[in-house]
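Both complexes shown next keep chain A, but they swap its partner, so chain B is in the first and chain C is in the second.
What follows is the complex of A and B.
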């Protein structure tokens, strides 16, 4: 019996292990080795930390990373602030078909590709776009208004792109909150604010944390939205990695950047978990 | 006992014959630019030779990056520009030499064939033959930005906020020329080249407030110019001519310091598996009447001898309007880029992009 169970376990684990080792572990090890190479001449390489030192010594790269991280954090907070009331309404107030319909509405934009969604925003925001024309038509603006190619446009795109990934975990956790608990809170004389603070948010904490982690990582690793909506000031860390690999043929530096992104973003998530007193086990379990 | 072996042998013979048979009809995996392999040309080629063509559209950097990732595999024929062959070949060894005896040299304009061969020779072997050529310069709405004569004029007051260019190496080179510098002679000298690039960097950072956005793809630029959001930009000649067909005010202008001339070539990736089909394709598309079909699709002229006769008159008229004879003599052709220059340019481009 035990041997059979063991065999079953091995068979069940094999696809997962193959997936992990072939598609994640081996490419990462290879990439790490590339990041340790320094080009000294045509087809001459030596092992060194030069690529990592470039990141530290060139203020531009460090600044770009900080900018990316800060903007991703802001995007995460805005997404949370917008998604929380929406999720609460879907989970607690809406009933039956309205509930499913609202949930579906959050889902529908994700049936088209990210490229199309971003393009939609470009059509709305550009100088000759819908909003600009509407403002001129209603007399609120004298001339064409350019709303594209700035940080606010990037932020709009990021929040829109990641909304679903915040709503889903929040709805799931909020649905598991019994209505009686909220009612008991009111019976005991709590105001809506104290109930939100003492009952709803603590209960939803795992959903908030897991949603925030996903949104933060998606924003940090986003390439399309910052590049298309940000225009000339779009500099984003993933764009740096792309250009090192594709435009500059500098795989070594690109690989080092990739690892720095992995390490630094993990550190930020870990730091945030510590700061909020949450653990990954609690969130995922 | 011998019987089964005979069967075995004969079945091997049959299977060998079956493998050998399709050699005359191969699948050609072509890595090229948009417009260089129009559907009607592909259909004609497939009907005539029996080969199948799979087209992947790309650009210079992506072509090299793709071939580098597979050490020259995955494609049977690629079309990088002639200045991007010698450097990557020395560094990554992603191409294989061209067997010139399999190419019909009479189909090519002789001077262009010779120049490309010279620029793509590494270790005594020729790696490229020319296909499509063109220039990059200025695309202007002449009713709004007639005062722009050169790249540096894009930084002028009159066009503030209505300018666009790419943040790529042609922009660096173009600005260097319009500032009176000569980046091409400094190609071999890293220190001198760095110094030129530093001056260009300062200029581009100064110029940044003038720029609406840095365009990434041809379609993006078309949209910007067509909507009037951009009135002056740095772009390819064919983009300007296409826009000219819709709006006669917009056209391609060769800058005073000289348009930058490029030649896209044919190269064989190192691990290409269908060389015969590749040679067939080259000899097919260089026929004057086929080359004219490609000119019609891509908007650029080819290195095919005699294809001009078949070209569209409207396109010829636009070409002549943009290029008076002295502008043709003034075209700056890209010399081969030595390995390693991209790193210097990359730093400059990153810093310009990050500047506020």
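What follows is the complex of A and C.
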């Protein structure tokens, strides 16, 4: 009996452990080792922190790193600001069919691949694109307007891609807030703003934090959107990693960059949890 | 003195359906007013209109003599204890109670002292720092009331606040609520579908059915002198027979039930005509059990029958008597004197009651 239960446990855990070790643990351990070696000759390596030093001493790398972090943070905040009212409407105001229809609408963008979606944005935003033509047609602009290849375009793309990942946790937590509680707030003299601040947001905090974490990580690790929508000056850190690995065959530096990105996202997530007084169990459970 | 709360021809329709239909009532200052009715009759809808969460289709609501129709819920001098209490789970007890005061812009030390006072009043001093989730059902109940009472509302609305509690606690809270009302000396409007809650606590009760008030009166009025068949059937337990009226003379009347029994009763000034279909209601406690006919000589309804079953329920034990002609079951209260303790299934008994104890209503309207 005991042995059977044990066998069941092993069978259940095996796929998970395989997945964790093969796809996450082993590559990362290997990457970490790669990032710590320095090439001194043909097939000759020694352990050193040279790759990390390169990162610190090269302003472009450092700047891109910081820029990626800042932009991702801003994208997360914008996504939150847009998603919150939308989620509130879906969870609390819309009823029945409308509710499920709206929810589905948030899913629709994910029916096409990310590449096609991003091309969609390019069609809209480019010099000869829809919006540019519309502006000229209505007389709001004299000549063609280029809206691609800048930070704003990246931001639009990132927010658009991340929206669903913010809406889902927000709708879930907001739905669990009884209408009665909000009404009680009104009944006791609260204004809509104080109810939002003292009742709705604290209640939705786990959803806000978990949504933000997911969106932040997705933005930080996004490659396609910044590459296609961003211009020459708007480098994304993932682009640096890509070019080290693929273009320059400098796996050592690429691995170091990868680890820095991992460290950055972990640090910011940890900071966010500390700042909002949430725990990982509370937000993910 | 102007009543604290007055509803004038209040009507609310959802689509074609009238959830509240032309309801008028006034609640005098400091009294405990209950609205009693079955589920779905429109009680919550009335409450939500008074609190300001629903706009009446027509009619008016006056609080202390002034119409509040154009006042938003957060400015109305009424507060509501919700069905599921709706305490703020993200705040502790003191913050919950202080919420309304903070919103009113009161200074912090003053809030703290008011909250402490309120906690004393509800008999839970010192639980301010506790989390809401750490309270028992009865404690939450009291905190929810205190949270409203610190704002000193003109009227406190309570929407079936005892519904979620277990039976024992509900019994205790009934008494406590009445005491709290006296302590705070505020007008309470209480809605419930549980008649014993309404009867125990209220000064006046309105019985509601399908959006309309059937009768407004004291508990005694409703129990002993119901004005409609619905009230007679809903408040307290009754034996109910349908039949046709055979004779009316002065205050006396006779009705033949569909199963063939002849019932004598009093009209209690209700317009009843020979040949009309009617329902007669007789309470189980109005019926006497006896061993011989002599004991029942002064009753105008006498029936001999067999005990069909014994329904033991402590002080409220009853027997079901099957009429000798086999035409109907009658519920009769078992006297607690022990006289009939030996009664068994199948034993023969005589029962009787005075016709004046029966309430007869013309059928068809209800």
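Here is the rule we go by: the second predicted complex is superposed on the first by the 282 of 285 C-alpha atoms of A that agree within 3 Å, B and C clash if a C-alpha of one lies under 4 Å from a C-alpha of the other, contacts with A are read in each partner's own complex, and residues count from 1 in each chain.
As a working rule, a residue touches a chain if its C-beta (ideal position, glycine included) is under 8 Å from a C-beta of that chain, and two chains touch if they have at least 3 such contacts.
Fair warning: this is a prediction, and the values are worked out from it, not measured in the lab.
Which of chain B and chain C touches more residues of chain A: that partner is B.
In the superposition on chain A, no contact is made by A:6 with either chain B or chain C. Shared-chain residue A:46: touches no atom of chain B or chain C. Touch criterion met: A:183 reaches chain C, while chain B stays clear of it. Once the two complexes are overlaid on the shared chain, A:194 sits against chain C while remaining clear of chain B.
Residue contacts after overlaying the shared chain place A:203 against chain C, while chain B stays out of touching range.
In the superposition on chain A, contact is made by A:245 with chain B only, not with chain C.
Contact residues on chain A toward chain C in their complex (touch as defined above): 178, 180-181, 183-191, 194, 198-199, 202-203. Of all the residues in chain A, the ones that touch chain B in their complex are 39, 42-43, 58, 60-61, 63-64, 126-128, 146, 148-149, 227, 231-235, 240, 243-251.
Interface of chain C with chain A (complex): residues 51-53, 72-75, 79-80, 82-84, 86-91, 99-100, 103-104, 147-148, 151.
In the complex of the two chains, the chain B residues touching chain A come out as 61-62, 64-65, 68, 88, 90-92, 168, 208, 211-214, 216, 227-229, 339-340, 342-343, 345-347, 349-351, 353-354, 356.
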